[in-house]
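Labels run A, B, C and D following the written order; every chain starts at residue 1.
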Amino acid sequence: MPDYQAILDEIRDEVRPLLLQGRVADYIPRLAGVPREKFGMAVVTLDGGLYQTGDAVESFSIQSISKVYTLTLALQSIGDELWQRVGREPSGNAFNSLVQLELENGLPRNPFINAGALVVADVVLATRKDPRAQLLATIRGCSGNPDIRDDPEVALSEKANGFRNAALANFIRSFGNLEHAIDDVLDFYFYQCSLAMSCVDLARGFLFLANQGRCPWRGDRVLSPDQAKRINALMLTCGTYDAAGDFAYHVGIPGKSGVGGGIVGVIPNQLAVAVWSPALNAKGNSLAGSAALERFTAKTGLSIF
Amino acid sequence: MPDYQAILDEIRDEVRPLLLQGRVADYIPRLAGVPREKFGMAVVTLDGGLYQTGDAVESFSIQSISKVYTLTLALQSIGDELWQRVGREPSGNAFNSLVQLELENGLPRNPFINAGALVVADVVLATRKDPRAQLLATIRGCSGNPDIRDDPEVALSEKANGFRNAALANFIRSFGNLEHAIDDVLDFYFYQCSLAMSCVDLARGFLFLANQGRCPWRGDRVLSPDQAKRINALMLTCGTYDAAGDFAYHVGIPGKSGVGGGIVGVIPNQLAVAVWSPALNAKGNSLAGSAALERFTAKTGLSIF
Amino acid sequence: MPDYQAILDEIRDEVRPLLLQGRVADYIPRLAGVPREKFGMAVVTLDGGLYQTGDAVESFSIQSISKVYTLTLALQSIGDELWQRVGREPSGNAFNSLVQLELENGLPRNPFINAGALVVADVVLATRKDPRAQLLATIRGCSGNPDIRDDPEVALSEKANGFRNAALANFIRSFGNLEHAIDDVLDFYFYQCSLAMSCVDLARGFLFLANQGRCPWRGDRVLSPDQAKRINALMLTCGTYDAAGDFAYHVGIPGKSGVGGGIVGVIPNQLAVAVWSPALNAKGNSLAGSAALERFTAKTGLSIF
Amino acid sequence: MPDYQAILDEIRDEVRPLLLQGRVADYIPRLAGVPREKFGMAVVTLDGGLYQTGDAVESFSIQSISKVYTLTLALQSIGDELWQRVGREPSGNAFNSLVQLELENGLPRNPFINAGALVVADVVLATRKDPRAQLLATIRGCSGNPDIRDDPEVALSEKANGFRNAALANFIRSFGNLEHAIDDVLDFYFYQCSLAMSCVDLARGFLFLANQGRCPWRGDRVLSPDQAKRINALMLTCGTYDAAGDFAYHVGIPGKSGVGGGIVGVIPNQLAVAVWSPALNAKGNSLAGSAALERFTAKTGLSIF
């Protein structure tokens, strides 16, 4: 077994110069205010090992990483029916593009672009009694951290600046692929994006995807083995926006990123790894975080390929 | 001088079979309820002649034809400054497409596609004290009909079904090219679309564009000669959505159509002509109306080319 | 009647500073070698008046202006059948774009974008015994200048650099919308682009379009009145690439430009006007030439609108 | 270890009804003539096991599967420099689309779309003395079959119908991203597509990708471990055209398909599997072949996720 702790510490030192590069998201004040020096990383293995370095227990805005959890809820509720309303192909476009949506009549390319996540949110709203509570319960349960919560200020700011997402929601609705009121869908979406978690939370919270859909320490099933595999496949092909090919090429494992600077990766049957660094590269993924994960798979020799 | 009355009556008889073709707009109940048998046509000449046939004094929803009037108000207020915020090129796409808007960073191609009309509406809201009253006063003044009014039921229905326009407005706003609240812009836009006029109103009401910007019977200036010419140029290149080339080719005069089935044409220094027939062709222009205008220019020998 | 001579001389003086702006086409040596100081302009009226200024009798490469003549030949041969193979709508894209062609299955938007001109060339090849001789005879006849000829060096250079046009031809062929061998179509196309004419030649040579399709001094018919009008409509909506809307707005008459720096305009029932200045604006039209034509219509008060 | 032989035989029986569905490629006679009843499948494991069923030793046209070998040659020659000229992202469009190429200035999205394969071919032409001989030697070496050869009739037919590829090559050249003469690039490309191999050949011939880049029985290195992994990542994200997401989702392993009906899959550190069935689904991948691979991973429980 690799010496995970040593590797994480090495990586932390190596990526330090990169923390000065890239650009912290500044479209809302809460994100803009996060110091670019922050860096945390955590690994949780299936056999219960926990390794961490840097600011690994500090919470940050998970943003798009939440799309994995709402997808989980939607698959729990309606299974493969979901794919009638959202595709499974990489988009080849920016995460918030409307072009493809128009050419393809309101059917979003995949559940991880914003358009797809809005449709998934609509499904969650339709199939869950108290969608926010159930989402939170799922995340707390998977992470083993009952203190995880949303940041209402983030959600409010998102909404106040959410013209592009409002455009997407209205556009999808014009094709008949949203059922709920635009504002309800957007509010739930901004809620999920505003959830705050740490690297340790995220690594723990994604471990069920490395474990055939079952939470390793509680032993209960979150998803079927097939569903877990398929979310991994989706993360690999679509999890890092239009840099998914590059991420697969350089990092070589399924991963999901968020504009708050977090990225979570899954190595099936082994571990989950989460990293956080606020400054983003041109594609909207954490710059130092991407580099850290590339080093992690290089140093450990772990890869799905 | 052609015998306009005889020509209009001939056309009415000739296009009758076409009234059964095409498709009446049905996205809102008020439009869907208009009988497809309706057909009216009116010509008003600069020297005061008025000729009409069929249902020429029956009011209908002018819809996009209203964009010529809001453009008039915007040019009166800020002149060529307007072109900082909206282009003057044909779009080559459907009237409510978002694709081009994305590729061109929120600058609508021209003031007659919906995106452009929303920006024009935003300008009118910014520069007029009581935008609705001033728009109505302008239209009533140009048409010489103080009874022209809006149809609030139409505006309400438009709003209830206006997801595509809401998408456009949010999208433009995300690029910073709208200043007012989305709902204010949309409400004004739906108001202008809900105005009801007859063929006689429209022919009279567009005559200033055939008269170098001056209302021929009141003698007052609505626009400068240059501005009037330029609106005519815009109508020729962009007035009938992505059928503008075909319209120029077959009809050969500047024209503006609406989804309510109206089309108005202008022959500079001579006359304005309006036609109404509710059923639309595949491009969203009145099917029998287009045919009637083509026959009108063929029979009269009038053309700008 | 305006004092055309005085107006042309005024314009020549006024646009002189503009000759230093813009960029001379440099994709082939022959065009790159033309001095940017060149400026010529000529007006020919239906009643036989000829007015000229500057380098108005110097020949230059007419390039895309030739598309009007090949369109003329194609309409003479197969009339409206042509529109089965090429559209009549503005493209909303650059003149040599492949995007729209792909979305619309190989049917070019109009005969003035390169794709459309290649289809027109294919029609001319299919319907004429000696296509080059007949094209040349038509141009010489319309212009009254038996000395007009092609510049083989230009054609050779075009071919050597014609990868984009070869891409277009192969692409159209892949949709089945070209019948002749790619090289034959391209060779004819490069031949037509290599024809050299002066402003006086061009103004004379386009006069039949201002005269209902009939050459005013020879009296013979080149096209039917309807066909002439429709070519004018096409020039207005599509004659200056994706600046057609702007050209219609500012100049207000049908016109066709070429990358050699020439632009010809037609004022129906009055005159044809040609201008030449090698440096191009960002849209690929002669920068000083566009300004000169705008001044010409402003000073003379001539416009179709 | 799963009973591979039993599983292959089961699959052969199960997919038999599917052989009647889909459409055999018919753009060239040689492909059109292949009976749709053909079905073969072969598995080769790292420890030397060989399992086969149906027409597993019958040769067919490998077509786009050859792109993996030319990519291998290019990476051997210039390594990561290749990525200056071709991307690594899924295209989100059909394999022979020109749209993205235009928007991205002639840089193909990845080496497996035709545009990318043409650039790779150009690299091979530039870096190899006898490109055809070296490609053939590599394939024969990896497959352990010295009788593998090209089918000149296929190459000739491809060329005669290769307008779309000629369009792509000319288009890329117009952006300066091809160095060799168009015809040389196309001839080499059609040559590689015309190579004929069996399922057994292909399974053996891809085994080095499951073995960290080393041929298991000869022991020699074809690529570095990193390069092998990265080709696997590329196959997963881009190997089956715009169905790559779906393939990853349902099959869950890296794979590369060809229009001849072949698909090869790689399970790192375990095996390579090849399947052949000529009729294609709407995305251009073997219909029964895709189903067979999905069953194979389901029945064996093998997956990278």
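Convention: a residue touches a chain if its C-beta (ideal position, glycine included) is under 8 Å from a C-beta of that chain, and two chains touch if they have at least 3 such contacts.
On a predicted model such as this, the values are computed, not experimentally measured, just so you know.
Chains that touch both chain A and chain B are absent from this assembly. Note on connectivity: the fewest chain-to-chain touch steps from chain B to chain D number 2.
Chain D is reached from chain A by a rotation of 180°, derived from superposing Cα atoms (nearest 5). Greatest centre-to-centre distance from chain A is found for C, with centres as Cα means. If you average the CA atoms of chain B and of chain C, the two centres end up 32 Å from each other. Taking each chain's centre as the average of its CA atoms, chain C and chain D sit 47 Å apart. Distance between chain centres (mean CA atoms), chain A to chain C: 55 Å. Multi-chain contact residues, meaning those touching two or more other chains, do not occur anywhere in chain D. Looking at the complex, you find that chain C touches chain D at residues 97-99, 102-103, 163-164, 166-171, 173-174, 182. Chain contact summary for the complex, chain B toward chain C: residues 87-93, 100, 109-110, 228-230, 232-234, 236-238, 242-246, 248-249, 252, 254, 268, 303-305.
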